Amino acid sequence: MNAMDLLLWSRGPGLGIAIGIFLFGMVLRLFEIYSLGRKRDLAPARTGGEGSGWRTMFTRSVPDRAQFKRSPVVFTTGYIFHIGFFIVLLFLLPHIELIRSISGLSWPALPTPVVDLIAVITLIALIVTLIYRIMDPVRRLLSTFGDYLAWTVTFLPVLTGYMAYHHLLFDYTLMLALHILSVELLLVVFPFTKLTHMVTLFISRWYNGEWFARKGVAS
Amino acid sequence: MTASLQKGINALREVLDAPIASYFSSCVRCGMCAEACLFYTETKDPKYTPIHKVEPLRRLWEQEYTLTGRVKKMFGLSKPVTDEELEEWSPLVYDSCSQCGRCSMVCPVGNDITYMIRKMREGMAISGHAPEGVIGATKRTIELGSPMGIKLPALQTQISKQEAETGLTIPIDVQGADYMALLSSMEIINFPEYLGALAKIFHNAGVSWTLSSEAFEATNSGIQIGVADLARDIVMRIVTAAEKLKVKSVISPECGHAFTALRWEGPNLIGRPYGFKVVHILELLDELRSAGKLKTTGKESEALTYHDPCQIARRGGVVEQPRRLLGDVAADFREMSDPGVWNWCCGGGGGVSANDRAEHLRLTAFKRKKAQLDALGVETMVTACANCRIVLEEGLEHYNMNVKVVGLTELVAEHLVEQEAGK
Amino acid sequence: MRDETLLDTLKRRGISRRGFLKFCATTASMLALPPAMAAEVAAALGKVRRPAVIWLSFQECTGCTESLTRAHSPSIESLIFDAISLDYHHTLQAASGHAAEEAREHSMKQDWGNYLLLVDGSIPLKDDGVYSTIAGISNLQMLKDAAAGAAAIVSVGTCAAYGGLPHANPNPTGAVSVSEIIKDKPIINVPGCPPIPAVLTGVLAHYLTFGAIPDLDDLGRPKAFFGESIHDRCYRRPFYDQGKFAKTFDDEGARNGWCLFELGCKGPTTHNACATTKWNGGTSWPVQSGHGCLGCSEPDFWDGGSFYKALSTPISPVTGAAAAAVAIGAAAGVAIGLANRQTKAAAKAAHQKATIADLEK
Amino acid sequence: MNGLNGIGVKVVHVGGNGNAHAVLREIEARLQLLVEKGEEGSIDLSGLPLMPEDYDLLEETLGEGEVVAEVHSLGPTRIHETGIPGVWWVTHYNSDDEVLAEFIEVAWCPEILLTPEDDVKDGLEALRARLFELNPKSPLGGAPSLDL
């Protein structure tokens, strides 16, 4: 199999399989979660907290100032790599073309050198989070194989994309194939690791926001 | 598997619900909850990271309620939850968690870790892994009526004393009163002035109220230890008494988790809404104040601060009321750092104060409150939870700090404008 | 004449020393060698014997031959062609029928082990190769026979190099490339649909000049011509970097000569010399004329999805797979959901009211 | 042909791509080598993709010099010295006047303009042969034995 075959496979059957497993897994996970149900709260709620669950989905992205000061590394690198990852994902023209071809939606791209710089910043932030995860006692205790796997499959697409653009290590065709394959790996692993948080955090924040609002601590 | 472990795991299977499944699915193990927990910040021991405290629950959820977990279990690839593990986790679930709920406010993905700890205790207690101190308190509540073993005669003694002191009658078992007041054992034994304060305030405001000889104890050890069946029996005593007396409202006393037990958990424990309202004494005082029925005179001149009891503020939504009341009676009120819903726990909530095993850890965790007080430099701290009050006093004594702790209701009562008799 | 070198040929044609200098400089340029290498070209010219060439055409469209003959620049390139002895070529030879086949057999016998074999078109393998025969001989048999006596093979065009159009899905004739059949001879792939004439003459010039095959990449292509991608050598590359793209073939961006990536240009993954060598005597090339690169010098370029869709898009629609996955996921979800509810119901049923005695183990 | 002329063609200039600057830099470096070490060099203009605008920029920057020459061998080769002495523009054409290769040579004189030594020798012999034909009796004529 040559690089072009690999590229064609990754753009064709590979992508179908990866998206299939991703969607299968995520739908399954949602059923797993919601099938457990929850009891209706019989305690009368305080008034004034309507919509707090929905608001918490967004407000929880902003940390309390004092808490920010207590975990600056996690907050800062977390912000940088999340925002960086999504800028690279959503504002590099080839990615927009992919989204457009699947969904019909499109928007203006950022200049490639800008995306390139953001990719580098994202990679650095991801490396810092990994080092911090290994060095910091709390994060080391909490970390499982799944956490390192999730890190790896997040890191690889950014790295291979960067390498492909800069013609590092391999020829562009092979590197592009590896880049797409790394994204497919991310999609396949996604529903079965903590990466599910991208979807379920909105559920969690909603439950959390609703719970607090019923008690009169609405966000 | 022992029968007790079987029961414990069965209980955990029962309590695992959609929110918990979502929380575990969302956790990215960022560890930010550690920095929200005073048991971690004051010890720097990573095992006190809140989310780590529910690790056995997470594994059980994965093994029982997810496809991948079931497959892993089928092939013997997952580590089962054992008695040894639960025993190891007992200090994490009971000693180092006051259910203060701070981690639930901090978690970036929105996990309510406190909720999970509460649920996990259901499995821990029933499988015999609750600490002795908390078991004892629960036993006394069930068998004698109160965690400190206080019975009606003791209350009657305190009633007579307070009646003598205030010159007012303290009503008991009055049918059709508007309010039925509850007390915590600690108030009966350590702070009976609270009862006198209530009598004065209600008399002045013209509130019709009563105590019940059948249910005067508000605290609920069943909640703290985490046995819903027992908590239900305990809360049912109050419900039965209140409904028998046909009161319109029940007043939760200055006690944090008693409020949680009665206001938020109670209806869910008994499986139906109450036939009466539940108010916290601070809410009621604030209502009377707004209605102009609570007039005060004079203000405390020395600087004072307010310690928000977790269950009343962060987990109960009573934040502004104590500040309005304090504004009337204190000339120099100063906020601590991280006030209101961001407060730091005294370290003794959620059954920790009843847990002898946790004493050293609790005093270590008190360093957080000490640091807050040191930074503020006040000599009076007002609060609205008898449990906080005792824990704070113990902590202050341990660290030789010269700070006085005062109950807010008593403070308000001291500044009451007494109405002329006969009115 | 068969033993003469290219230098002898040039002399016989009465080329002057300046002409020789020009020939060497042009050849070096054609081989994409640095100008200083012209001297080496000159030195090598006197040493290499002029080879016989047999050109076999299999499943092809004659586009390759058309391209080579049409674009052929008389003086220099004709010299190259003059320097070879093209003993058999369907389209170009005068002979036909039995005479033509005899000529081929004769040439093979005479130069056994030394001739250069050029092939255009792919070879069908399905149904014993019945889909393409010459004089009753299957392409497969003819290739094997001719390859056995060849010094080296040049696969001209994408069909011979990688299977090309006949190989495209669903490949009804079972077409394959030369390199999938012949494993024991050096093979130079000169892909392209058609290949750039100057690249083929460059490869021949290299073989004639140095008597050896040039440096090849992992797809068997001469690195001198296929070493870099169209994208990297494209004069529109700065627009890609700036994020300026034509959205349609007639918009402002297209008129301004912006990057054609969004219109499906396959330049980033295509290796060829179009951007530098250009076509029609250096007049222009596809991107310069406003159309994206089709990627014709790469394997399976026919199967890479629409020519007019960006390289980063899926080749085949994913919506079907997505819908199926959601449906299967929902079915599995319902199943696990029911199982979860059962587990929970069982736990509830097994619940015995807790008593104080339960707390102490 | 009317048909083709009838089609409206809009010629749009797309602008250069900066490669002319690269070529000019290389010329500068080679010129310095020529001045300092007498080393001659040559740049193959087909090695980099150049747009018409790039050519214009190259031509404008280098300018026109004093020498224009044409060599006729294997089709024409046109040479001119640019406005920068020592920088020569050499274009090889085939007999159909199509460009075969194009070089910038940085040299005292492009090699193709210099008469090869062997050609001079051949020329001398050819000249003598012609003189001998003109005057066979002349002592100079028909004397190939003269030392050369």
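Order of writing sets the chain letters: A, B, C and D. Residues in each chain are counted from 1.
Please note the rule applied: a residue touches a chain if its C-beta (ideal position, glycine included) is under 8 Å from a C-beta of that chain, and two chains touch if they have at least 3 such contacts.
Worth saying up front: this structure is predicted, and the values here are computed from it rather than measured.
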item	value
Chain with minimal offset from the mean of all protein Cα atoms	A
Centroid distance [mean C-alpha coordinates] between subunit D and subunit C, Å	35
Geometric centre distance via CA averages, subunit C-subunit A, whole Å	39
Separation of mean Cα positions, subunit D and subunit A [Å, integer]	61
Subunit B: positions in contact with at least two other chains	16, 65-67
Multi-chain contact residues (two or more partners), subunit A	28, 32, 34-37
Multi-partner residues of subunit C (each touching 2 or more other chains)	332, 336, 340, 344
Complete list of chain pairs which touch one another	A-B, A-C, B-C, C-D
Contact set on subunit C toward subunit A in their complex	218-219, 229, 231-232, 240-243, 245, 261-262, 268-269, 298-300, 303-305, 309-316, 318-319, 321-322, 324-326, 328-330, 332-334, 336-338, 340-341, 344
Residues of subunit B that touch subunit C when the two form their complex	4, 7, 10-11, 13-14, 16, 64-67, 70, 125-130, 135, 138-139, 142-143, 225, 227-230
Sites on subunit C touched by subunit D in the complex	15-19, 21-23, 25-26, 28-30, 32, 34-36, 73-76, 79, 233-238, 255-257, 275-277, 281-282
Subunit A residues within the subunit B interface of the complex	28-29, 32-39, 41-44, 46, 56-57, 60-61, 63-64, 66-67, 70-71, 74-75, 78, 136-144, 147, 150, 192, 194, 196-197, 200-201, 203-209, 211-212, 214-217
Residues of subunit C defined as touching subunit B within the complex	332, 336, 339-340, 343-344, 346-348, 350-356, 358-361
